Structure formats: structure tokens, C-alpha cells
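For reference, the structures are reproduced in the following blocks.
Here chain A shows up in two complexes: once beside chain B, once beside chain C.
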Partner chain A sequence: MVRAIALRLLGVIPVLFLVTLVLFVLLRLAPGDAADLLVPDDAGEDEVARIRERWGLDRPILEQYWRFLLASLQLDFGRSYRYGADVFGLIVERLPATIELAFIALALAAIVAVPLGIIAALRKGSALDGAISVFAIAGVSTPTFWLGILLVLFLSAELNLLPSAGRLPYGVTLPHVTGVYLLDAILAWRLDLLGLISSYIILPALTLAFGMIGIIARITRGAIIDVAQEEFITTAVSKGLKRGEIIRHHLMPNAAVPIVTIIGLELGVLISGSIIVEVVFSWPGLGTLLYQAISVRDIPLVTGIVVAYTTMFIFINVLIDIIYFMVDPRIRASQAV
Partner chain B sequence: MICVRPIQLFGSALLSLATLLASSALSTAQERIMTITATEPMTTDHPYGESSAPVYSMWCHTYGCLGRFDHGTGKPVGILAEKWEMIDPVTWRFTLRKGLKRHDGGPGPTSADVVHTLQRIRTDKESVHSSFVAMVDAIVPVDELTFDIKTKQPAVNLVSALFDRFIVTSAELFAKHGREADKKFAFGWGPYRLEEYASDRRAVLRKNREWREVDGYDPKEAPDVVILQQMREPEQRVTALLNGEVQVARLIPPQLIRRLEGRKDVKVEKTGGIEVMFLAFNNQMAPLTDVRLRKAVAHSINRQLIVDRLLGGNALVQDGMVGPNQFCYTGKPDRVLEYNPARAKELLAEAGYKDGGPEIDFYTAVGRYISDRQVAEVVAQMLRQTGFKVRLHTPEYANFWSEVRRGRSPFYYMGRGSVFDASDAAGQLYGTGGSPRVQYSNPKFDTLLKQQYAEADQQKRCQLWRELNQLLIDDAPTHFMWTHSVITGLRANVELAVERSGEFWLPRSKLK
Partner chain C sequence: MSNSIPDQPAPPGPVLSIEGLSLFVRADDGRRLKIVENASFSIAPGQFFALVGESGSGKTMIARAVMRLVPDAVLEIDGAIRFGAQDLAHASERVLRPLRGSEITMIFQEPMSSLNPLMTVERQLMETVDAHGRFKGDDRRERILELLRRVRFRDPELILKAFPHELSGGMRQRVMIAAALINEPKLLIADEPTTALDVTIQREVLDIIAELARDMGLAVLFISHDLSLVYENADKIAVLYGGVIMEQGPARKIIESPAHPYTAALLACVPHRRLNGSRQVGIEGAVPSVADWGEGCRFVERCGQARAVCRVGPMPLFAKYDHSVRCVAPLNDLGERH
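Our next item is the complex of A and B:
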């Protein structure tokens, strides 16, 4: 197990190398010049040239890439053109907001989707199964930007139920420990703030979760139906075990692997795919940062964020492998041999 | 009449409950807080690191700038400077106000701070402000509070070029702390003190209790705390205004005004803007090198129809570089390029396109200007109706702008913001060698432009502008379209005079 994880982690190096190389080349081949976007409209060509020189944009691509590689070995991704700040620092500052949003969205999705999938599988072919399928397909098919705006219009503007943007209002002081506000509030024993923090996170989390509910519910349903057709389930039924016992002890543990897989994969998708939702809700996470960085061709920042996303994605996959190991005795057994 | 439904009451109650739960943490409950949406990126706390009118305005309120332009009266008003005068064609003398204190209790602004400011704008690697001080040759201190600004050439427009943008920062704090001064010692002399700056989120400004306007006005009714909350999506700004999250929602697009109309708790204010929108031709790229074709384009466009139908009447058709909302407008030009499709067809025929054509590529940014794509689609259609064969391109703004800046776009729709005094914008767009964006060259235009830079008599200067305006209409290097209205949504308890630039001066605002 340890060896497998170590191998996986070693694999990160060539992946990151390739990702940065492709990004570097693509961003420089793309039309649009960062220097043009950094200066005001009334700036002359000499000012643009000065900015280009300042950021090394006048040097050959290979030289720029080589410098980037050398620096990134020390976790120095350079300075953002636009923010004028250290890229690594910016990522570390924004990451907790994205992680908080992703985990809450995932929790919401899993809480709703797994029971829905189980119900649909157990009532396979019924009207309820059909209704859940329709709901699931609607979730998968709904564009997040549209749903986000709709939720804002209805729950914020029309009903005045929840705030429409941001993470916390001005005047609320919260000790910064992890940057994940819900966790920080608990750590500081400021339970009075949990409601307020949740009121800000619920709309973006719901928007993100809606699409996932469909996917997780469909996978759960399929996994349970597959396992239900296995012979050991027939044996369990023949032995006269109660329905609940069969579900808890035989059906669910064996259906867990694909469910865990999809939840894990969705977490990766969530972290890297929350860009639009973050923009719609002015959520100050990595997504907003990436959106801004791309629009102004902030190459060091775009590269840094994509490297961060890639690393997280690989890390999540390793985590899923560990969870497999824990939930599936067959995998444990095969590793032990 | 506004009906409140039970579910809305329930919603409000729930939101209030969440706020109540956090009330112990809200140390500012008694203060009058005004939240204003910020629509432009807020990316750096470097006072010269970002260039947009809202960012200039934020730093002008905190650090302080020499002065501002009151578009209502059409006159410059001092902020840190109390008087200024032109003492010869290339020298302006400024006197700073006495009795100001820095936010940390330090001394008031001095000539040394102004000299330091120019130096930092020009040499700081992160500064992107150097373009608007390009005309400045040197700043020479006369005494502690008086200094001369020497320009490279006569520049009667110096005050309008520097005011609102020349942010004065402390030489002493920078000498002590360097770049950290912007982060931990962001003290200036302005009417508000910077309390918090969180990039891409918000800036919090707290009222400087000792501030008095240059005319002695006490801003006691101005808000104690102003939060500039970044909200770049218009829908979100409107929603936040409606549910009371913000008190001022800036840059409301025309199509969203109806969500605010008919409500007692919000109001909509419209101000004539100074962002000049135009169709630009690259005068060196065939076939639009032919003035007849450029004029045919102009006669093909029914600007008033677009303003009325597409922009909801929220724009003012403009015939030249200088229009009714700008400095030195002396009335309608003698000859204008009105909508006249018959004349457009005649001009096409004269240019050798009797049977249709020419083929032209037309570019627009998307989402940069109000309804830009929709405007471009209508323009393209109007051009097709008179016989042009138009291919409309809608690249991402970064690509669009890069091509325009390098003079590689043959024909495009865009705007030029904050053009109150049009001198510098005109020089850059239409002056020979000004930039490759339009590639227009006319010695007569260059001479007149140079003359107006040196003409201290405003009446004579405006007459020169009338001639310049007419030249630009007759030669049609661009076809001027309109200036958009600046539309701002306000809660009913807010009084805020929005300038034509879209900015405002907070000490004169009121939060009841």
C-alpha cells in the first residue's frame, strides 16, 4: 500500500512538468499581451515596452520557462503581474475558501444523493425511481451559472432570505487559523458565527451541489442494483436475513467502492470547477483568482493556480486509493499478498 | 405599492436572526456604514499599481490627491492643493493646504511628498500610472507647501490631466518602510482612512474626523465607514441593492433598470457620461483608407434608433470627439454625419462599389462596454442594408485590445473612458504618430491640437476645439456614436452625486 502511494506521488513530478510546459507554451501562443492589459488605455507604446521588460516578457519563451522551472523547484511561482504579489502566497490565501466551498457542496450532495440513489435502486422501475432519475438528469444538465443567478434572484432578491455575495460581512472578526471559516469558528468556539457563515456559503454550495447530486445518485443507484444481483445477496435473502440487515451489511459495503470513487472524483472536479460559481457569488477563492488571472493574461498566476489544481487532483486520487484500501477487504488482501 | 408576502417576511426574519447571532461580533453596529459596489478589479494595495477611475478615486479618498474635477460645475476643486495657477506656458504653480494632518498624526503633505510621488510613479516597478504624467518634465519645490510643475510642452490641460489621478503619498513613510508602507502604514491625508484592503473582496474606508473640505464644508452627514465591495456581475449588484446588502450599486446596465423602477426603497440616478463610444477605422488598412467608404459607414448607422431601442434611451448621441457632456463643447458642429442610407449608397457607388461591397471585418469586444455585442450586431446589420459585406468578429477582450493597440484591427467598436478634456485622448488617437490604433494623420489637426495645448484663454481654446471636432467629422477617421449614461442604483436613504466620470466625492454624500 505504502509503495503504491509512493509510486503515485512520484508520478506527480512528470505530470506537473508536462502541465506547466503545455500551459506555458499555450499561454504565450494565445493572442493578447499581458503588458497591454496592465497599463491604462492612454499608455503609450514606450510604457507597454517598459512593463514588458519589467516582467521579462521580452525574453525568449524557453528562457522564461527555464527560469520558471528553476524557481518553482523552491515553490516560487514568481509574482503575479496584476496583483504584484507572490503567486504562492496568493494561492495559499485563497485556497481555504475554495476548499470550504467544495467540501460543503460535496457534503450537501452526498447527503442528498446517496439516499436518493439507494431509494431509486430499491424501488427500481417505480414512479419514485423515475422521479429521482428526472431530478438527477435535471441536476446534471443545469448550467451552474444559470442556476446560481436563478438562486440569487429568488432566494436573495425576491425572498431576501440569504446574502447574495461574499463570505462574511464587514465588522465580523474571526481568528484566522485555517482560513476555513466554519472550522475557524469552531476552533475559536465562536458558535454564534456558524449561522452567519453558513448563510453566506449555502447559495454557492447549493449551486455546486445540484449538478453533483444527479451524478452521485445515478452512480449509487447503478452500484446498488449491480451488487443486488450478486449471488451473496441471494444467499443472504435465502438465509432469511432482514431487509435492513442485507442493505447495511451486504449491499452497502460492496457498493461503496464506486460511490467513494465518484465522490472523490467529484471533489476534484468541484475544487477545480467552481470558477463560475465563485465569480457569480463573488466568493474569494481560487476560482475567482483564476478567472481574473486568465482575463488579464497573468501567466505566473494562471500557471501557479493550475499547478495547485493538478497537485490537489492527484492528492485526492491518492486519498481515494487509501479509502479503497480501508473499505474493500479484497484490495487489502491483494496488497497483502 | 410594494406588497410584502409572508415568505418574504420569513426570509427577512431568518436573515435578521443570522445577523443577530453574530451581533456580538459586530463592533460597528452604531456606525453609519455605506456599502458601494466596486465593478473594476481590486487587485493590489499598491497606490500606483492599478489604473482605473474607481481605483484612482479610492486612493484619492484615502491618501489624497491634488484635486478633483467637479463635473457639475465644470470646475476643478482642491483636495490637498488649495490653489494653482499657470505662471508661464510650461509652468504651473500649486500651493498645498495648511493644517492637514496625516491619518497617523504625522505632518501634512509637503512639496517633498509631491516630488516623491512623481518619482515613485515613474520609477516604481509596479507602477502603471506613468502615462498621465508623461507631459511633466519636473516638479520643483518652491517652499514647503508650494511647488512648480514644469511641463515638456505648453499644457493648459495639466490640471484636468492630474486632478483625480495624481495620488500623493508620504515620502517619509515610504523612506522608512518601502513597499510595506502601502500595507501596514497606508496613511494619507484624504477624507477617509484605509482600514482594510482585501484584494478581490473589499476595501474599507473610515472617515477622517478632522477632514474639512477646501471650502470649509464639514462632512458630518457623510457615512462613518464606506465599504467598497467588489461585485462585478451586474445582476448581483442589483440584487444586493434590492435586499439591502449594499446602499449603492454602480454601473447598472439599461436592461436591469426595470428591476429597480417602481420601488420606494431604491432610486435610480442617471448622469450623462464621458465615455465616448465610437466606430474606429484603421485609416491605413484598405479598403477603409477611402474617406468615402468611412463616410458611407457613418451614414449607414442610425445611432438614435440604437440608443432608443437597444440602450433604452440611456445614451446621448455624439457627433464629434467633444460632446455636450464634455469640456469645451460649443454646440452642434456645422457639418455632421447623419443617418442617410441613400447618401451611403451614393458614396459606395462613387468609391466603385455600385453592386455591393466592400468586404470589411468588424470587431467588437464582448462584455467590456454596455451591450457591446448587441450594438455591434445591429451596426453590422445596418451596414449590410446599405451594401457593405460585413464579417463581425467578437474576440475576447484581451485579444481584441492587443490587436487594436498594435493597429491590426481594420474596423472596430470601442470606447474611451473619462474623456472630459479631450486633449490627450485626441492626441493619442488622432495625432500623427500618437498611436497605431487609428493611424490618422492630418497636419492641420496636429497644428490645431498643439495650439489648443498652449491657449490659456478658454474661449479661444474652445473655438480651436470646435475646429478640431469638425476636422474629425469631415475626415471621419472614426465615427462617433454616443456617450452612455452613468446609471447608479441607490437606497432611498442615500444622497450621492455621481460625476460624469462615474465617480463621486464621499464627503459630500449623505447617509440618513
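Our next item is the complex of A and C:
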């Protein structure tokens, strides 16, 4: 099993290599380069050329890529054109906010969706099942930017119930340890801040969770209905096991693989897909940073953030694989090299 | 009322007694289809009862109805299924659950899918024991190992740690048998337990079931489509066709002097009963589907002796002692018409 996981991790390298190559080439294929944006409007051609040279933009693209690759091995993604700061430093600073939001959103979605899926499966065909299906479709088909703006207008602006932007009110400070505020508040034993921090997370998290609840609930429902028709469930009934025991020990573990898969995939989508929601709620995470970087064509920063997203996405998939190993002995056996 | 009546050796009543059992399935379009009609039979303690029929004859539904494994919304039960004094046909889950896996147990056709793939053999056997609390503490493990030895595993300790995918079909079926017998049931229902196995292993699995049933004084309801498989082990045989029990009686009588043309036709299909050089015969045609059931005998379209009266009304039941047949013109005289 250790070896199988090591192999999975090794497989990350070629994927990252390919992603960076494609990304690098695509960004430079776009018309115009950073130099056009960096110089003031009234600058002359010679000044643009000077800037190009300074940033190495006049070199052949493959050479640029090679230099990027060597540097990125040392976690050096260059300096942001816009902020002048180290790209890796900027990412590390913004990442915790994105991770915090993603995990809270996923936890919200899973806590609601998995039980909903279970109930829908056990009461297949009931009115409740139908209602859950409708809710699921509504969730999937509601655009997040629309829902986000709606929630801000209604709950924040109209009813003044929850804050609509940022992570904490101006003036409230928190010792910065992990950057995940809920964790930092606990570490600093400022439990009084937990409520305040949550009030800022809840709206963007809800917006993100809404779309996922439907998908996770539908997959859970389908997985459980499939497993419920398996003969070993009949065996479990014929053994005289209680209904609860059958659900806990036979139904759920066997339905776990598809459920874990969809939750993992959703986490990947979340981390990279929270860009719109972060922008709507001015959440100071990686997504907002990427949005700003793209709008000023800050190529080193865009590249760095996309590499960060890719890396996280791949590691989440490795994590899902590890969970498979733990859940299913058949997968364990097939991977025993 | 007093419970202190002195113990009297009551004559041993049947373990299972099925009386006037009709089964109906609810189709998706809301129609109510009768799949078993007015079946009656009983199984005495220690008796090996074979219920034989082609696919679609309703035999598996009878087996599952006894244990009430099919949801009420799907299967409607009419008539009585008596287990001892208890009528299972209309018993509640609270009554049924303690009986399942303890007093009445079942093994299924597909050993590949009847064990939970994520649990070790030990856990699956242990939960069966724990569900009924007949064995406690260290006795449980001893009991599990003993059963695994009795289903002829040479190294039961090794089997305990195995997951189902590490075992062959025959081994899995033996684990199922061990699980079914671990709580010392009174009745074992075996629904085609050898059909999915290799021919070489079929015999061994059947022998294990027959041997353990004999040793434990267990009544067995053995479902099969194959008369040749069961007639050596069975005490009684019932032949099911199109949801109707055509003939039933002691195995020897059924084999030696079948009274129903269908039973006779089935016996003619058994390979080693063929006369030298005669061609292997089958029965022309197929079992009519439930929707095509008309009046009269269900076998009429395929019967060599069919007459006009066979297509009219319910078939008469002839019986002599414990041998009965449902036919207008039985092949041999069974005396009284009932």
C-alpha cells in the first residue's frame, strides 16, 4: 500500500510538468505582453523594450520556460509585476483563506447532502425523495455569482443579518499563525471571535455549498440504491441483523467509494472554483488574487497560482486514492505490487 | 393461565407448514400478478424437502416469502406460512427479525455476491452470532472455528482473516453455509446453492449441506431446478410448475412412479436414467409467463397427454397417503380425489 501511494505521488511530476508547459505557452501566445501594461501610456517604444529586457520577456519562449522550470523547483515563481512581491510568498499568504472557505463549504455541503441522499434512497419514490431531487437540480443549475449577489442583497443589505465582505471587520486583529482564522482563534484561545469569524464565512460558504449539495445528494442516493439491491444486503437481512446495523455496516461502507469520490472531486472543484465567489464576497483568498492578476496580465502571479491550484487538485486525487485503499480490500489487493 | 403444565413429549409437528399459499407481485404498472397459486406442503424436523421447478415457476419467491425477505409493497402473501405455531405470513418485523439467522436461515444462489466484499469472513460470521447472543465471549470464536471446520476448511484460522474476493465460489458458499448453521437453526432454506458453482464442486457443497443437516437434525427446504441433483438426498420432493405444485410426495415414490406427466417428463431429462443409446430428451416448449396463465392446467401446452378437459377449470387433486398430484389423468392410480 505504501508503495502504491508512492507511485501515485511520483505520477504527480509529469502532470505538473505538462500543466506548466501548456500554461506557459498559452499565456505567452496571447496578444500583447506584460511590458505593454507595465509602462505608462505615454512611454516610448524604447522604454517598452527596456522593460522587456529587464523581465527577460525578449528571450525565446523555450528559454523562458526553462528558466521558469529551474526556478520553480526552488519554489521561485518570480516576482509579481503588479505587487513587486515574491509570487510564492503571495500565494502562501492568500492560500489559507481559500482553504478555510473550501473546507467549511464542503463540510456544510456534505453534512446536509449525505443524510439527504441517504433519506432519499431509503424512501425512494416518496414525496421527500422528489423534493430532494428538485432541490438538487435547483442547486446545480443556480449560478454561484447570482446566488451570491442575491444573498448579499437580501441577508446583508436588506436584513443586515450577516456581513457581506472580507474575513473580519476592520480593526479586529488576530495573531497570524496558520492563516486559517478559525484555527488561529482557537490557537490564540480567542474563542469569543469564533462566532464573528463564522459570520463572515457563512455566506460565501453557503453560496459554494448550495451547488454541491445537489450533486453529492444525488450521488449518495444512487450509490445507496445500487448497494441496497446487492445480494449481500439480503444476506444481512436473512441473518437477523437490525436495520441500523445493516445500514451502518453493510449499506454505507459499500456505498462509500462513489460518495468519497464525488466529495473529493468537489473539493478540487471548490478550491479552484471559488474564484467567482471569492470575488463576489471580497474574500481575500487565492481566487481574488488570481482575478486581479489576470486583469492586469500579471503573468508570473497567474502562473504561480495556477500551478498551486493544479498541485492541490492532484494531491486531493491522491488523497481520494488513499481513502479507497482504506475502504476497499479489493482495491488494496489490485494495487499490491 | 398457567405455564406449569408438565413436559409432555408432544408428537413432533412440522417445522414448516405452508397452507394454501398464494403469492402476488405488484407490477410497475399497478397490476397484481399471481405467481404462486394455492401451494401447500409441510416439512418435518430433520427432513430434506426439495422444491423443484424450472425458472419462472415461483420457487425462489416461495423461499423468500418464508423468510419474508421481499418487501410487502412488492409481494403480497395470501394463506399461511406456519413456523411451529407462528404464522410468518403476516408477522411483523419485530417477530421476524429474531427468527431470521437464528431459527430460520438461508443460503443463496450467488456466492459471489452474497457476502459483503468489505468485511472479513470473521466479522461476517461474528455479526451473525452477535445478532442473536446464543454464544458469548470466547465461545463465539470457538463456535465460528468449529463451523468452518465442519464445512471442511482445513485451515479455518486462515479463512477467518480472508476477504470474500480472496475465496473461490465454492469456498464462499461454504462460508455461507457456516454462517447459516452457526446459530443452530431449525430450518435451512437453500435457494439453488450449487447452481452458480463448478460441476465438480456442486456435489461437494450439496454433500456438506446434506451431511450437516443430518447431523444437526435440521429441516431443509432445498430449491433446485435440477431433479437429478436432489433425488439422492431428498426425503420429499415437490414439483412446481407455473406457480402450482403439480405433484409432491416421498422422493422414492416421485422418482419411481411419477403420477404427473410433467414429473415424468422431468425425469426423462435426467441423463443417467436414459436407456442405452436413447437420445437425451428435453421438454418441448417453455414455461408460460405469468401473464399468459389461463384456466386449467398450466402444463397443458407441453403435455403429451393433454385432453380438452385439461383446459377447463381448476385441476383436481388426487392423493394417496403422502403422495399427491394435481392432474385430470394421473399416470398412476392415486385413489381418492380431493
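We take it that the second predicted complex is superposed on the first by the 315 of 337 C-alpha atoms of A that agree within 3 Å, B and C clash if a C-alpha of one lies under 4 Å from a C-alpha of the other, contacts with A are read in each partner's own complex, and residues count from 1 in each chain.
By definition in this document, a contact is a pair of C-beta atoms (placed from the backbone, for glycine too) under 8 Å apart; a residue touches a chain by one contact, two chains touch by 3 or more.
Small disclaimer: the values here were computed from a predicted structure and weren't measured.
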Chain C versus chain B on the shared chain A, clash or fit after superposition: fit
Touching partner for A:Asp321 - first (chain B), second (chain C), both, neither: neither
Partner chain in contact with A:Ala236 - chain B first, chain C second, else both or neither: second
First (chain B), second (chain C), both or neither touched by A:Glu245: second
First (chain B), second (chain C), both or neither touched by A:Asp76: neither
Residue contacts with chain A in the superposition, chain B compared against chain C: B
Touching partner for A:Ala333 - first (chain B), second (chain C), both, neither: second
First, second, both or neither for A:Asp86, with chain B first and chain C second: neither
CA minimum distance (chain B, chain C), superposed complexes, angstrom: 46
Residue ranges of chain C touching chain A (in the complex, touch as defined): 67, 69, 97-102, 105-106, 108, 110, 113-119, 127-128, 131-132, 163, 165-166, 176, 179
Chain C-facing residues of chain A, complex: 230-232, 234-242, 245, 249-250, 253-254, 327-330, 333
Residues on chain B engaged by chain A in the complex (per definition of touch): 7-8, 10-12, 14-15, 17-19, 21-22, 24-29, 33, 35, 41, 43-44, 46, 49-52, 125-126, 128-132, 134, 196, 198-202, 204, 225, 227, 229-233, 235-236, 238-240, 242-245, 259, 395-399, 401-403, 405, 416-417, 424-425, 428, 435-436
Of all residues in chain A, those that touch chain B in their complex: 30-33, 36-45, 47-48, 50-51, 54, 80, 82-85, 149, 152-153, 155-167, 169-174, 190, 192-193, 195-196, 198-199, 279-282, 284, 288-289, 292, 295-297
